[in-house]
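Report on the following structure.
Per-chain residue numbering starts at 1, and chain names A, B, C and D are given in the order in which the chains are listed.
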Amino acid sequence: MWLGLDSVTAPRHGRGMPHDHSDHDHPHALLPSDPALRVKALETILTQKGLIDPAALDEIIETYETKIGPRNGAEVVARAWTDPAFREALLEDATKVVSELGFYGRQGEHMVAVENTKDLHNMVVCTLCSCYPWPLLGIPPGWYKSDAYRARAVREPRKVLAEFGITLPEDTAIRVWDSTAEVRYLVVPMRPAGTEKMTQSELVELISRDSMIGAGLAGQT
Amino acid sequence: MTRVHDMGGRFGDGVIAQDAQDAPVFHEDWHARALALTLAAGGLGQWNIDISRHARECLPPIDYARFSYYEKWMAGLAGLLVDTGVVTRAELAEARGQGESTWADKRLKAENVAGVLASGGPADRPSDIPVAFKPADQVRTRKITGNRLVDGGHTRLPAYAAGAVGRILRVHGTHILPDSSAHRLGDGAEPLYAVAFAASELWANPEHPKDEVVLDLWQSYLEPA
Amino acid sequence: MTRVHDMGGRFGDGVIAQDAQDAPVFHEDWHARALALTLAAGGLGQWNIDISRHARECLPPIDYARFSYYEKWMAGLAGLLVDTGVVTRAELAEARGQGESTWADKRLKAENVAGVLASGGPADRPSDIPVAFKPADQVRTRKITGNRLVDGGHTRLPAYAAGAVGRILRVHGTHILPDSSAHRLGDGAEPLYAVAFAASELWANPEHPKDEVVLDLWQSYLEPA
Amino acid sequence: MWLGLDSVTAPRHGRGMPHDHSDHDHPHALLPSDPALRVKALETILTQKGLIDPAALDEIIETYETKIGPRNGAEVVARAWTDPAFREALLEDATKVVSELGFYGRQGEHMVAVENTKDLHNMVVCTLCSCYPWPLLGIPPGWYKSDAYRARAVREPRKVLAEFGITLPEDTAIRVWDSTAEVRYLVVPMRPAGTEKMTQSELVELISRDSMIGAGLAGQT
């Protein structure tokens, strides 16, 4: 319950109501404008008030730099390619399956796996913000959070894919998943031809982050 | 039209600036600090994820457009800290915290980080609202997007998908309604669905007749079609 | 959603910064020069008003948001000059014109300014398209706004009024269709109407049951309702 | 035909098609970023190429600083208040009537006058750009061109009017005119009570620019 979804639902007077600021009276304008100094100022204030433990920040950063990243997703995909029962269970209830592998967590509480086939290419975006399956793919790359991707992926996915070097067959349909709720989508890319003899750990190397967003293909170079 | 963040389908953005597959997770040290600071401050329990999304959406449109990603996070955080009374405007202006906070006992400790990240914060909740739709049912979204509880409030129906007919693809169970939760009006949990729309239902010049866009939409956003 | 300029109904903008009734017409000298330069350059006849509006709308969204009004005009003008070949990118980069232009004979002379401003540029044109609606008729706007001739092209149906039912208030005659004219595809003149919409037809939380918004809309934007 | 609406309709290869630029490759990025220097650079280039006569720019500026402004509109309104036949003709065909007064011209080629009454308050905006009746009101004020006015006037005209110091009676309807075509709207504000004995030229002094946009009332102080 760390996100406090339950603990902060009591209305308080004047809070939670939208109040549109003009450019200069938003609280952020009180901080230094240089972003690095701005972050430093906030960290300093919160540390001085006893609200932040800088060591906890270090721990969070190290977690997402070294422990939680697209390798997790690649392991799930590689196993789905090689283990039919696992694949079936993953497509049936991804949250359960990835939890059993220890990949449950923040921004991955409700997982759905969608499988790419010759007939259907899945692709994930969050047009309203930057929702992304952190426990399986880590922190999203810059392009995923860019205005250009958010604006264009839903309207012209084929032009977007072309920028990523992908041209789908003319009769392949595209399904773009706009992550508007707390459900997070993992794309299971197609297994490349000629990989029948590879081991699961060899396959993992073929599975890029972008392929699990649907903006890349597995084995694409 | 809701707010400036609601940009799905917008024309005018150029090519997507791609990162290499092996680019660092954080391009700048301050990006990493900004992310960690936001997570740790969220741990104080003074706002939920819907409130914090809304705080970023409520940035002045000029700021929302010009700020880089983590600059939006920092500006949103500054707003949240002031709105909740955790930090004063004077403290922000002086870049100096005045005395220990009454919420200091909620500080996230380094040794609890792993457990907290692993436990997450699920959004499914029990609800008395009966599930009205099943897969393959035809539904129509609200003709006008926008929060019905609070004018200008948070909502998760993008403008591009307002007034569109789609079909239910999945039933996700009952989830917290962001339109309510973002304004501290309770969970308001209700059924949530993945709804598929033909591209031709959304765009003036769709790329391909087979293409679809799927959105996760709450039952109150939908009516039978 | 069309482009970033299509902001009618957007939430997030703060109070309106008012000018005094007796504020100067131009707050800065360069504002005056920017306006005059735009009018004089328009006089070269290399673009029309629809093309020049579209040039401003096509500014990158970040620029559109951060630029002040006349900065948008100047950026739009730079784009037009390069697109039409009147000025080269090299000339812009060096801030230096290379030799007399082949269009120099079209230069607006000081003595012609008064006449040119007084003669204007009317937008009504004859059309073979019969007038389909009369005052009090009910009409519905296109469900999806957007140019039907050119993907991402210029159009004058704001997103907030897409898919809405209104009633014809006035028939303006037949006017140049901006969707065509902005892309050099001909005048495409067709009937133009003032169409009134109840505020409740456009907004999730209208201010008053009697309020209306009126838009000037071309016949091809409309269907009987 | 100076605006060239007819002369430039022949399609030319690659011109007139939208081509979205990312931030740094738009031609404007080649110019100095300081706006005053930017304008100066464009004026210099065009002058050197013989495309601009700086004296013509001076003439345009002087016209809108001293000759064409809201005084024109105020004269029209004052006469409509005092001359019933004129009022009727103005509401019937404003283009014809203002042309006869010498107020035809650029950005006022198709005029419509709309009259405020106890029952109906008219207000004008251009949400898509900044359309405005130049020959009658001059160059629009900054607020009219602001994002805040463009975004808010159509959705919450009463909140906007309150910022301008106006509260309408509860049973007055508002009609907001969004200027989406080349038709330009002049609001004829209500004549203030107690002005029955004033001359036309005294009345002109009561008629503010804002009152003819519908964002003010005549005689408002």
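A few points about this structure:
The working rule: contacts are C-beta pairs under 8 Å (C-beta built on N, C-alpha and C of every residue); 3 or more make two chains touch, one makes a residue touch a chain.
Small disclaimer: the values here were computed from a predicted structure and weren't measured.
The pair with more inter-chain C-beta contacts, choosing from A-C and C-D, is C-D. If each chain is reduced to the centroid of its CA atoms, subunit A and subunit D end up 48 Å from each other.
Centre-to-centre separation between subunit A and subunit C, using Cα means, comes to 39 Å.
Taking each chain's centre as the average of its CA atoms, subunit C and subunit D sit 13 Å apart. Rounded to whole angstrom, the centroid-to-centroid distance between subunit B and subunit C, based on C-alpha atoms, equals 33 Å. Contact of a single residue of subunit B with at least two other chains is seen at positions 6-15, 17, 57-62, 65, 151-152, 160, 202-203.
Within subunit A, contacts with two or more other chains are made by residues 18, 20-23, 147-148. Viewed as a contact network, the protein chains fit none of the simple shapes, being neither a path, a ring, a star nor fully connected.
Looking at which chains touch one another, you get A-B, A-C, B-C, B-D, C-D.
Here subunit D touches subunit C in the complex through residues 1-12, 15-23, 26-28, 30-32, 35-36, 38-53, 55-61, 63-65, 68-69, 104-110, 112, 125, 127-130, 135, 138-139, 141-143, 145-152, 154-160, 163-164, 171-183, 208-210, going by the rule given at the top. Of all residues in subunit C, only 11-15, 17, 61-62 touch subunit A in the complex they form. If you check the complex, the residues on subunit C that touch subunit B are 1-4, 6-14, 57-62, 64-66, 143-148, 151-152, 159-160, 163, 202-205.
Only residues 18, 20-23, 25, 147 of subunit A touch subunit C when the two sit together in their complex.
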